[in-house]
Amino acid sequence: MNYQLTVTVRSQGLYDITHKVVEKVAEARITQGLATIFIQHTSASLLIQENADPKVLRDLENWMNRLVPEGDGLYTHTQEGLDDMPAHIKSALTASSLSIPIIEGRLALGIWQGIMLWEHRHHRGVRDIVVSVIDAGLQA
Amino acid sequence: MNYQLTVTVRSQGLYDITHKVVEKVAEARITQGLATIFIQHTSASLLIQENADPKVLRDLENWMNRLVPEGDGLYTHTQEGLDDMPAHIKSALTASSLSIPIIEGRLALGIWQGIMLWEHRHHRGVRDIVVSVIDAGLQA
Amino acid sequence: MNYQLTVTVRSQGLYDITHKVVEKVAEARITQGLATIFIQHTSASLLIQENADPKVLRDLENWMNRLVPEGDGLYTHTQEGLDDMPAHIKSALTASSLSIPIIEGRLALGIWQGIMLWEHRHHRGVRDIVVSVIDAGLQA
């Protein structure tokens, strides 16, 4: 079972999408299985990170912006904006897909884990995600 | 259903393997499910990236070669060649496995997404990949 | 079928957990399918790497410690220790989940591939992992 999901972004940054994924998994009504989240873009990515202290996400973003700065003389792909090539590199360094087990009907996330969409561009817009749920309970 | 796939590489670089993965997924003849691509090596990796402007892939490769240069004095694992330890590091920073939903019998890739094998060594050779297809339609 | 697995860590470093994952996969007694490994933490991660020369793992760790040093003035999330924010960044750069096909009852790892838990903090403790096994043989 595959579920489409959209996330509205306002600017570069990390967006906690855990509740949206949890909702889709609940719809699937399975007990044991696996949920896979896939992002259909190459300038935004997925990440599991701490959802407690917002400073973690801010530091992460600042660190990544320092590692992959805009305006680097190395870039030749520049016609789509200063933020485009850094966005592709950041996506390559993080994940396009994430898989999380479903145990007793719930995503088996650790206590501090949240699922984040990492928007690497500065634009406002909508990002498309697919949540794929596989039932392993049928297979027992 | 698991399908073996081989990719011939001529040198370091990114190889678009989307069509090869699409072929294997078509063989599976399923409507709803999940495809997982796994690379059986630790000096080459997998990546979903933009398949439109070739400059994106070139910039990505040049950026990574600058971040993880050959001949770094830090390396002690040097007996397999100057390109070997950088290849392991680049593999660690990218993906060994990728999962992509299958919707209406097709890989649910975004419009600009291609599946790439990233060869991190300079050699010519053959790389082994497994495409694993899980049917979620049976489970509805 | 989902299997809980714990790994005791003594300090920062890479721990080969292949045998533990292999054991869980053997319990599932399936022929064709997919194993997914998920770590329930955000300051430790998963990696597939060479298991032959221990220098590879040492160089990898030293390289990562140089890229993401402790005490970087950029960090504002500092109250959980000098090693905490670097641990979150290293986790973001590596994997929280890995998927490996199961062929003829065995994990289809390449000849030099091992599954590693990468502990990014200095503490001693126990890390929680879930191994999720999906049977694709039923679906043939």
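The first chain written gets the first letter, and so on, giving A, B and C; residue counts start at 1 in each chain.
Here, a residue touches a chain if its C-beta (ideal position, glycine included) is under 8 Å from a C-beta of that chain, and two chains touch if they have at least 3 such contacts.
Bear in mind that the values here come from a model prediction, so they are computed numbers and not experimental data.
A.B. asks: In steps of 5 degrees, what rotation angle do you get fitting chain A onto chain B on the CA atoms?
C.D. replies: Best-fit rotation on C-alpha atoms: 120 degrees.
A.B. asks: With over half of the numbers shared counting as same, classify the chain B/chain C interface as same or different.
C.D. replies: Since fewer than half of the residue numbers are used by both chains, the interface counts as different.
A.B. asks: Express in whole angstrom the distance between the two chain centres, defined as the mean CA positions of chain B and chain C.
C.D. replies: Chain centroid spacing, chain B to chain C, equals 19 Å.
A.B. asks: Could you check chain B for residues that touch two or more other chains and list them?
C.D. replies: 67, 93, 95, 99, 134
A.B. asks: Which residues, counting only chain B, touch chain C once they are in their complex?
C.D. replies: So the residues of chain B touching chain C come out as 1-2, 30, 36, 38-42, 67-68, 72, 74-77, 85, 88-89, 91-93, 95-97, 99, 128, 130, 132-135, 138.
A.B. asks: Residues of chain B touching chain A in their complex?
C.D. replies: So the residues of chain B in touch with chain A come to 32-34, 47-50, 53, 55-56, 58-60, 62-64, 66-67, 93-95, 98-103, 108-113, 134, 136, 139-140.
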